[in-house]
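Each of the next two complexes has chain A plus one other chain: chain B in the first, chain C in the second.
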Partner chain A sequence: MAAAKTRTSSFSRNISAAAPSQGPGLKCGPNGTVFLSSGISDLDKILGGGFPLGSLVMVMEDAEAPHHMLLLRNFMSQGLVHNQPLLYASPAIDPRGFLGTLPSPAASKDEKSHKHDPDQEKGLRIAWQYKKYFGESQLNFDGQRDGKHEYSNEFDLRKPLERHFLSAQRVDCVSIQDSPNLSALQDRSATFLSQYPRNDGSISCAGRIAIQSFSAPQCAYSNMEWDMLSFIRSLKSMVRSSNAVALITFPPSLLSPSFCKRWQHMADTLLSVKAIPDEDKELSQLLTGYQDMVGFLNVHKVARINTQVPVILDATTFSIKLQKRRFLVLECLNQAPVDGSSGTSYGTSGSCSGSSKTGNLDF
Partner chain B sequence: MAESICRALRDGALEGEHAPALTIKDSIASPFGFHVFCHVLSQLSSFILAGKSQSGGLVVVSFSRSPSFYLELLKNKGIDVVSSDKRIQILDCYSDPLGWKDRLIEAGNFTALSHEASNSSTANVLKDVKHMDKLYNSIVERGKGLIGGGKNRFSVAIDSVDEMSRHASTSSVAGLLSNLRSHDQVSSIFWLLHSDLHEARVAAVLEYLSSMVTSLEPLHQPANGHRGDLENLSLIEHNLKKGKFHVRIKRRNGRVRVMSEEVHIEQSGISFTSLSSEGAINQGLVPKVQFSLELSEKERIDRANVVLPFEHQGNGKPIQIYDGRRSLADSKHERQVAATEKVQTNEDSGGGEIIYFRDSDDEMPESPKASI
Partner chain C sequence: MNQRSSNLLDEALGLDQSIEPWPLRGRIVAIEDQVETSGSFVLHHILKRSLSPNSSNVSIFIAFSQPFSHYDRVLRKLGCNLVTQRDNNRFFFFDMLMLQCPGGDEGISPECGLIALYGKIYKTIVALPEVSSKNVTIIIDDLSLMEVAANGSSDYVLDFMHYCRTLTTEFDCSLIALNHEDIYSSADRPTFLLQMEYLADILIKAEPLATGLASDVHGQLTVLNKGMNYRQGSSRNKISNFHFKVKENVVECFYPGSQG
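Now for the complex of A and B:
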């Protein structure tokens, strides 16, 4: 089959009507893949549904900004909310402390709007012949919203996750700072993943592995580059044969360039986060909404399992914004309209010229 | 923006956050790192002693200078350490870092020297710097001794990470620094690094671990070509007195603040002024087009030489405006003269050539105009 073209008609297949037996945390996708949510609904949309089970997601950190923590937190919280067990490894001495910073799902706005709607309906004078359509579309909309709401939650970064989600049965923490080599982490991962083997039956439960700052300099093994690479390779193969998703973040500036490339090739889905300079006049003129942005997210690779057809995204650079300092949203970059009086033409300023600071901006 | 750095160190860490950490980085081209370190040290000490800072004490881990140097330095700034030794402690890793004196005494080949007892109250000699755990414990111990327990915090200043890296591996040094940063009772921490003494990875690791990075660069890059030693020498001399001070601050919201200043070294110390010339930060955004928007020299000369086909050239000759009423002979004569003049000037210019025939010359004189 030829490469899938983007649908131009207004009809779209409703894929979200997943087999309910799989539970709210999983969604069926094309080619027999099953997705689980990354915790950020915008990112799920960009990646075509979420993270496919059996894939390895790697996030390249920026040494100057902690945005990878936002991705990690949302990923971990989403798993806990959906009752998907989690294995968390970090270079801190006490990783459990990080669990206290996980965000909680936001109070659903749908509930409020549900309450308002009947009142509004009374208030709204809708012509009688349209009321029946209005009612139906409302139902559909609600149904869809509920479905989406269940699969991917909106996380409020200022509200910590409730304690009962963090019980020991669901979350296992490992500290990787003092271990001289990676065998301990490898064993823990293996035992964790053996609980979710993949067979042809239905999926009972999916697991998540989150490894933070894998090559952090304070870890004793951080200069053993070949060992780290072989760990990633074995983790990838273990994850591929189980119903789980592994997310690894690492700082590429601390690796030698050849190993950085090798690690990037290992990933099924590769993302990177980037800091943006503060109070940068040129950038604020170039992009709309610069004030609200906290960073950039680049999508380098999207996992394609069971298919040879690659994903070509419309845009690969997104801005990370925190709405009301609580909700993480990803937006496409929008070039600000150029002031005609300044004399620069629309075509020359911006993307093609490639501001060397902002690297691979892609409109 | 050295003030903002000192303020950040003074304000310290928020609850549940890592302590702010500053890396001061310099190189041989602009070797003022130690001056900056002393400046920050004296600022922070005065904040601590005045009670304006979050931290209640300061532990100075001195590797590259003896403790008496720091006592002198602080005394010159008006801070008397001995009387206020409840606030400032110096961990001496300079006198005998590997414990050689003890071993020599044990071996019996060495008579014990009279120990300098004057500094024993403030300086505590550390004899085993190879083990970062022991160093960590000593620092934390000193700090706790300064401030007591509870919610109080202390600051740490590390003289030079270079010395630490000589004795221990990068990952253990990184472990020490990150553990100090995440310690509940550490308010802020700063260290000095000479970047050309290490591989690039060490500098990258330290930048990864810190929340503020300051680097010193020379104001004028000395030319690598053979332009004569005199010029180079004066540039180098210039660079030894002044430099550029770049700061990158990682803010809590995830953005990076980049600032630059000029730094001058004087007898009394160091002073910071704003940059005299705004650097071209926005080079990257100038549109890159296929054609060049500027004229080259040759093109400029040619442009100046082109004679434009106007009646009045603006060169002082009396202006004669053709009004179409001259007699034929005159007009022909004029035309010839004008034509030759034009041809001459055009040939002289060599570059651009504009050949112009007046529209009215094309017409036959007094011929009926062809009806259109």
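Now for the complex of A and C:
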């Protein structure tokens, strides 16, 4: 933001100093925010660009399924691919082991067949809402892209990230299992974030912090509720004045309801993941594509930095699917056509829009 | 300009009547919101009204939640330049984002920075020229984070609020505080919230609609104005309830069903 004193009126347009030429990893957004990618292009679209720098993202885990790991892995890999250093904290004894599971960007000329015919691409562009009737492979029609120059990569979950991305300069790991309090993690975070101060100049580099299962019971501090909350608050304040994004996943069922609400209020962007039971007949009748779904992602809150207008999404619940068991996609839920002859009416088939009994889709 | 669309909120607060005396003078306003529906736009609105060019009001903003740049941008879109107001000594911003009480050892300054914060506010008010003629508005964003800063000692936060209340009687300051209702309603004993509701002269609740979120209506506001003085001299409680939609440059308030 330019200095205030040189402006004559209070309504002059701010030319953001962070030009996209900083690199493919950053993108300008509205209200002077700069986004970085979550690693999942569908999620970036849902959130209106990605995660804004200076924000705190929190993901509520489901104890029955490790889907939050999908979000974590893509977030971490995306940062490393874009040369954004990473601080990773987890309750494991050796967090470095997790780095071996990070996915690699898919090669751009992979099984996705790119239509290089520009007329065909225009046709697809117009009829976007019918994309579910086309093959999945025609979605990525931007065939020019090379893996490294995209803002958001498509990650192949079966291919591990190349080792040179995991060098010590780029990734710092912290184990939080044995620490009796959070001061060590706080100091590490402060040191990390001090390398990416937010000032009015251009953004040279952005950083990412990923904290996994923050309130996990095996951590020694996990019963110190106010200390955990203080840590989150100070992390958020530090991130606010840095060019960084912090992602924290936590199991909400282990917190008291009042504290869970406090954590939810702390988050700028709040997501939750939920497992889908296998072979649920009710759900399979209700939704198309149920067999391919791995879980649900719910968007509770979208970051509102520098603005007071809330973001109201058309849909807040999305299905998590693995395309070809390799690529993570998020899709809107589509209600299956109701069989008119079966005798059950529309209202009693457990629809998403609310019925008297709580269905599996209620969060 | 945009006066007409915010009229319901101004009416409920008594701000649609004459500017002098400032209708919120000497009164405590408590704003409650939830995760689904944020009430910070009410803070921004009151701040904007307080810094209107026709008055000599002074605002002291105690921020636990966002840095100055955020409020600067938001208020600028609402038509109020906080940087200019700050330079003109009409707006004082206290950045409390990193305030944290040292935990554990009770012997060292157990009230931590809150007493010091009160001292700072007091000094700022006393240092104002012609303080008796100015209307000072103290805005706190938000109380639940003040509790976190105090390591969970809501007693210290309540003490702080009571100290600030003395300012409302001594200097006729207005005190506006935001808190999150759903944190306390899910706790066993929502003492802190009830204390604040008792202290408040005006209670504003921002809630989502019972039918869920919608892009045209962001939520509903309920304003309880205790002992509102009408021009006729009578004073009684007034409850207003209406829907709102938050935009960049204005908050539109309307009765349910009347928005086209």
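For this structure, a couple of remarks:
Note that the second predicted complex is superposed on the first by the 286 of 363 C-alpha atoms of A that agree within 3 Å, B and C clash if a C-alpha of one lies under 4 Å from a C-alpha of the other, contacts with A are read in each partner's own complex, and residues count from 1 in each chain.
Going forward, contacts are C-beta pairs under 8 Å (C-beta built on N, C-alpha and C of every residue); 3 or more make two chains touch, one makes a residue touch a chain.
Treat the numbers as computed from the prediction; the structure is a model and nothing was measured.
Applying the stated contact rule after C-alpha superposition, one finds that A:66 touches chain B and leaves chain C untouched. Within the superposed three-chain model, A:254 lies in touch with chain B and out of touch with chain C [touch as defined at top]. Contact with chain C, but none with chain B, is seen for A:262 once the two complexes are overlaid on the shared chain.
Once both structures are placed on chain A, chain A residues 256, 354 are touched by chain B and, in the other complex, by chain C. Chain A contributes residues 63-67, 91-93, 101, 177, 216-220, 222-223, 251, 253-254, 256, 275-279, 281-282, 286, 294-295, 320, 322, 344, 348-349, 352-358 to its touches with chain B in the complex. Residues of chain B that touch chain A in their complex: 16, 169-172, 174-175, 177-179, 182, 201, 204-205, 207-209, 248, 250-251, 253-258, 281-289. Across the complex, chain A meets chain C through its residues 1, 4, 10-11, 31-32, 225-227, 229-230, 233-234, 237-238, 240-241, 256-258, 260-262, 264-265, 270, 300-301, 304-310, 312, 314, 316, 354. Residues of chain C that touch chain A in their complex: 35-38, 40-41, 44, 66-67, 69-70, 73-74, 76-77, 79, 81, 83-84, 97-98, 100, 103, 144-145, 148-149, 151-152, 180, 182-184, 186-187, 212-215, 218, 246-248.
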